[in-house]
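A, B, C, D and E are the chain letters, set down in written order, and residue numbers restart from 1 in every chain.
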Amino acid sequence: MRKQDILTPIGLILGFGFVLYGISIGDTGLSAFISMSSLAITVGGSFSALLITYSLDEIKLLFRMTIKSFTVNKISREDVIFDFKDLIRKSRVEGLLSLEEELEVIEDDFFKKGIELVIDGIDESTIRSILTMKIKESERKYEKAAKIYKTWGSYAPAFGMIGTLIGLIQMLADLQSPEVIASGMANALITTFYGALLANMILMPLGFNLQAKARNEVDYKEMVAVGVLSLKNGESMSIIEDKLINFLNEKEKNRYFSNLSQYDKGVSSYAQ
Amino acid sequence: MRKQDILTPIGLILGFGFVLYGISIGDTGLSAFISMSSLAITVGGSFSALLITYSLDEIKLLFRMTIKSFTVNKISREDVIFDFKDLIRKSRVEGLLSLEEELEVIEDDFFKKGIELVIDGIDESTIRSILTMKIKESERKYEKAAKIYKTWGSYAPAFGMIGTLIGLIQMLADLQSPEVIASGMANALITTFYGALLANMILMPLGFNLQAKARNEVDYKEMVAVGVLSLKNGESMSIIEDKLINFLNEKEKNRYFSNLSQYDKGVSSYAQ
Amino acid sequence: MRKQDILTPIGLILGFGFVLYGISIGDTGLSAFISMSSLAITVGGSFSALLITYSLDEIKLLFRMTIKSFTVNKISREDVIFDFKDLIRKSRVEGLLSLEEELEVIEDDFFKKGIELVIDGIDESTIRSILTMKIKESERKYEKAAKIYKTWGSYAPAFGMIGTLIGLIQMLADLQSPEVIASGMANALITTFYGALLANMILMPLGFNLQAKARNEVDYKEMVAVGVLSLKNGESMSIIEDKLINFLNEKEKNRYFSNLSQYDKGVSSYAQ
Amino acid sequence: MRKQDILTPIGLILGFGFVLYGISIGDTGLSAFISMSSLAITVGGSFSALLITYSLDEIKLLFRMTIKSFTVNKISREDVIFDFKDLIRKSRVEGLLSLEEELEVIEDDFFKKGIELVIDGIDESTIRSILTMKIKESERKYEKAAKIYKTWGSYAPAFGMIGTLIGLIQMLADLQSPEVIASGMANALITTFYGALLANMILMPLGFNLQAKARNEVDYKEMVAVGVLSLKNGESMSIIEDKLINFLNEKEKNRYFSNLSQYDKGVSSYAQ
Amino acid sequence: MRKQDILTPIGLILGFGFVLYGISIGDTGLSAFISMSSLAITVGGSFSALLITYSLDEIKLLFRMTIKSFTVNKISREDVIFDFKDLIRKSRVEGLLSLEEELEVIEDDFFKKGIELVIDGIDESTIRSILTMKIKESERKYEKAAKIYKTWGSYAPAFGMIGTLIGLIQMLADLQSPEVIASGMANALITTFYGALLANMILMPLGFNLQAKARNEVDYKEMVAVGVLSLKNGESMSIIEDKLINFLNEKEKNRYFSNLSQYDKGVSSYAQ
């Protein structure tokens, strides 16, 4: 049901690539930029603040939803129309119960659940309320996770600065040994560096990414819900098609109509 | 009625642990990070600004509500349904007045108050308005406390900077003695460090925590209010069950239904 | 009608106390922190920007409203109910015109105005519109003053930085004389110090204080307006009591009911 | 129709006075604070960014509206009532067409336009829509100009920092010559100084000033529009007076009623 | 249909001109400000974060919409009225089908599409819904692109700071060689310089520019849609003129009426 969102890992790899290229220009190697204590203060500290802020259920949700940033819905919205056309044709010929065979083919859980409700003969208003509830819960999850990422993204630079202050204070408290100056300052600046990188390369982009995907997911599910209710009501194929086409943007419409002739050919050959 | 919210102290301990680990990497001990005057300026100064901003009642509310950050509502929402089922069964068999015996068992004040109103034979619209008023007052308290924490969290870094400026000015005014440079700079940076830690490790997380808990508390109380009104109206058990299940999320629903069979067994054995 | 809001001066004194304590830790005296030119740039400059931003009437309003930050409404809201009960009792026995004697006792101008309107026999809808208009104008004044304080609080740190830049530029332009370095840097940092202190210790807290008081003032006046209209309409004492009790929070309600028995005793002894 | 808003130039003069006083305390003269290149980067750069952001029409509007920051509406709102009373009296005695003579005396274009529409016998709903449209366009202009000033005010400090970075990079690239250090650092800090001064002394205050004036202008024009429509409908003088008095605040009302006796005396002597 | 928006390139050229002038004042040439690694970190890094945030379709949209920042709608809104008058006159005389000849002349795709729908005899409500849908999709595109530019504009300074931190850490890790100090510091500050320039000279202005153009584009298209629907309904020329004039601001109205006499002369000579 979901394939990889190629752009998210590409962005991460490219971004760290550019940063590593910037580091490689200087005379010092990468080792000057690695500090476990900076990592502890930046990642650990900001995550601890997150633990205080949110409940365990919400923290768990964050990790479950992170995978969504790296995947996109595989089902293109124009294919949803063809799927519904297949389902309607089959239900007309062989009855609603025959759709049970199709359930294995449908990969999307939300789509599958909708068809199951129709097969089970649940009444229309119950199907509508169940699907609406599921859409809202799905939207709420995406937006909650997006918000947690953004909160984390606001704590991370603050803990970067806290680490920098620790390094600077240590340097000032023991001015005699020059080694402490270097290590203190390095520690100081590396935590700020980690905090900025963590916030601007990972946390904020993932937060905005999930926010954008919430919109897409809801659009897709609302489209499926409209189709399921039409199927339940036994509406004619052309009416369902009209309703579902309204969900497509211009580009998807073009793709739909260019696929339509091929699809019709396939259907008629199948009908023979 | 409330048990400890384990995540809040864990977050605080972990967070300070990460910071202490970061400090332990350097050569200077923890003593370089302890300064009473910095504490006075950061905590005292920002709290003084809070005293100017809010009234005594609001400051008292802040401390009363802080304990809520460290606790969660012990009653799981699926248990509320079983509680109402017990109450309804008892009231059917032994009459509404018999519920008085149950009052001792109910730990939540809001739940108890609702049942008391039913026992006292108060009319439905009065019960509704009393419970609604209590829900609003509870929500208002959480949000007020959350807002005060956030205001404090915005004053804290400012007073951290004020302390830093004091230290720097003292250092510049008396450049002859190098000891003053060190102590001045340390004082300077320690206050900024304290301000950042206070705001990002304690005040902002607690503020957001209370804001999130306001939502949960209102949800729980609205669920109880619906149950109390159904009890008052003598609605059938299945209708009440349906109404209350709507308040559960998917996970709570699963828990509810898995407990249901055990519950039913218990009830029927009790009925014998 | 208004008594001192003890918390505002306490906050100011405590806040400056903490800052002075922080200063006293260092070797330099307080004199290193006093600079007339810094005061001129920070206070004068930010106030000049305020003059450009607002009209003379609004600036005058700011100073008139500042006193409200240092006072609270002396009349507790539970006493308003007793006051109305007294007024109703008197008007029942001796007629509405007899209330004229009570006018001297009522300290609050808004309360007095409302009773005057009733004595003068003004019709209900006119009383309602006059009182509503007065409530809105009062709210508008508080919020305007709060907004001006906050705008000032955003200009102050900016002018602090402008003064710091002046000091730094002077130091750089004349590197030969070390005295100029010290005086320039001191001037530089003292203005930032003044700007931060002015904004975070005085302007922002006063702005938020007035904003919170706007809410209280409106609540109090709305309560009085409800009482005045009930008095005009000759509603029964128990109805007025019910209406006014709705304005009390739980704490005020407890105080009201604990005073009620004493009050009733006093009334009955007076009735004898 | 408009007289000078004395507070805007006073604020500018005072503000720059305080800054110059701050500069005069130091040993270096004013010349250390004058830099054409800093001016070019700060003013020129931020204005260039403004050119990219807005269209030519909007930039022209900004300059046309700036003069409004330095002027206030000369017609006091209590005088508007007397003006309308004069117009009604004249129109009653000599007919609507006689108002043509008054047009020369009315200085405000909006007021004049309204009376012209009445004289021309345009129907009420058309007058209403024309005046409403003019009020909206006027409000839109003020708010657009206010927004452009604020956008400029956000670009200015950014270009101040860009200039500072240029100076610092030049200083670092050529560390040998100490003269370059001084000139580079001066250039660096002067641009930040210019950016902060431009934004906080001129652009942001003018932006907020125009925003506040939009409110006043709309209030005044709405009052005139109500009067014009009453005049058109031939409403009685006391009704018009009541309607227009609602637009006055308490202070204006007092001024109106204290002028009223004098006005009435003048009218009656004129009536003789 | 679109001509160059002269102000956008002028702003860019002027802005970079001012910055180059500021650089030319110093002793170091432009070469001190060129750094490929800084460019990689600032532009590459912030663009990578953008890739993580948005989908491929949205990134493509950004580049497609960028050209709109450099162009303005060539058709002035007063000409739209003349165009519609021509179309109505022709359709009256030669029938709706004759408008097909005019389609080649109309440059704007939206205008063309509207007339095509009328020629094809599509019913009014369908035309309305198609045009409304196209207006919304167009607005959505502008605002999406504006939002992406602003998000980019918020990442750019962050990556500028990340580059600066890399340079500073490298400098501190290898204090022995003074060359590294210079190159490290230069790298450090050049990335901040690039980030600030990229955000404040290019990304934020383009974002705000597109946001402003969204408004204009929607206004223009709504005007055309009103005209198309009037044409479909066969409304009289004076009614269409009245409806369309409402879309003009005062300046456009003046231009329209000054062109009207010439237009009428041309039409009457054509009518002969």
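Please note the rule applied: a contact is a pair of C-beta atoms (placed from the backbone, for glycine too) under 8 Å apart; a residue touches a chain by one contact, two chains touch by 3 or more.
Going by UniProt, the chains are A, B, C, D, E = Motility protein A.
The structure displayed is predicted, hence computed values, not measured ones.
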Lowest number of touching-chain links that must be crossed from chain A (Motility protein A) to chain D (Motility protein A): 2
Any chain that touches chain E (Motility protein A) and chain C (Motility protein A): D
Computed distance of Cα centres, chain D (Motility protein A) from chain C (Motility protein A), in Å: 30
Length of the line joining the C-alpha centres of chain A (Motility protein A) and chain C (Motility protein A), rounded to whole Å: 48
Where chain B (Motility protein A) touches two or more other chains, by residue: none
Overall pattern in which the protein chains touch one another (line/ring/star/complete/other): ring
Touch list for chain D (Motility protein A) against partner chain C (Motility protein A), complex: 5-8, 10-12, 14-15, 17-19, 21-23, 25-28, 32-33, 69, 72, 182, 185-186, 189-190, 192-193, 196-197, 199-202, 204-206, 208-209, 212, 249-251
Contact set on chain A (Motility protein A) toward chain B (Motility protein A) in their complex: 37-38, 40-41, 44-45, 47-59, 137, 151, 155, 158-159, 161-163, 165-170, 172-175, 177, 180, 183-184, 187, 191
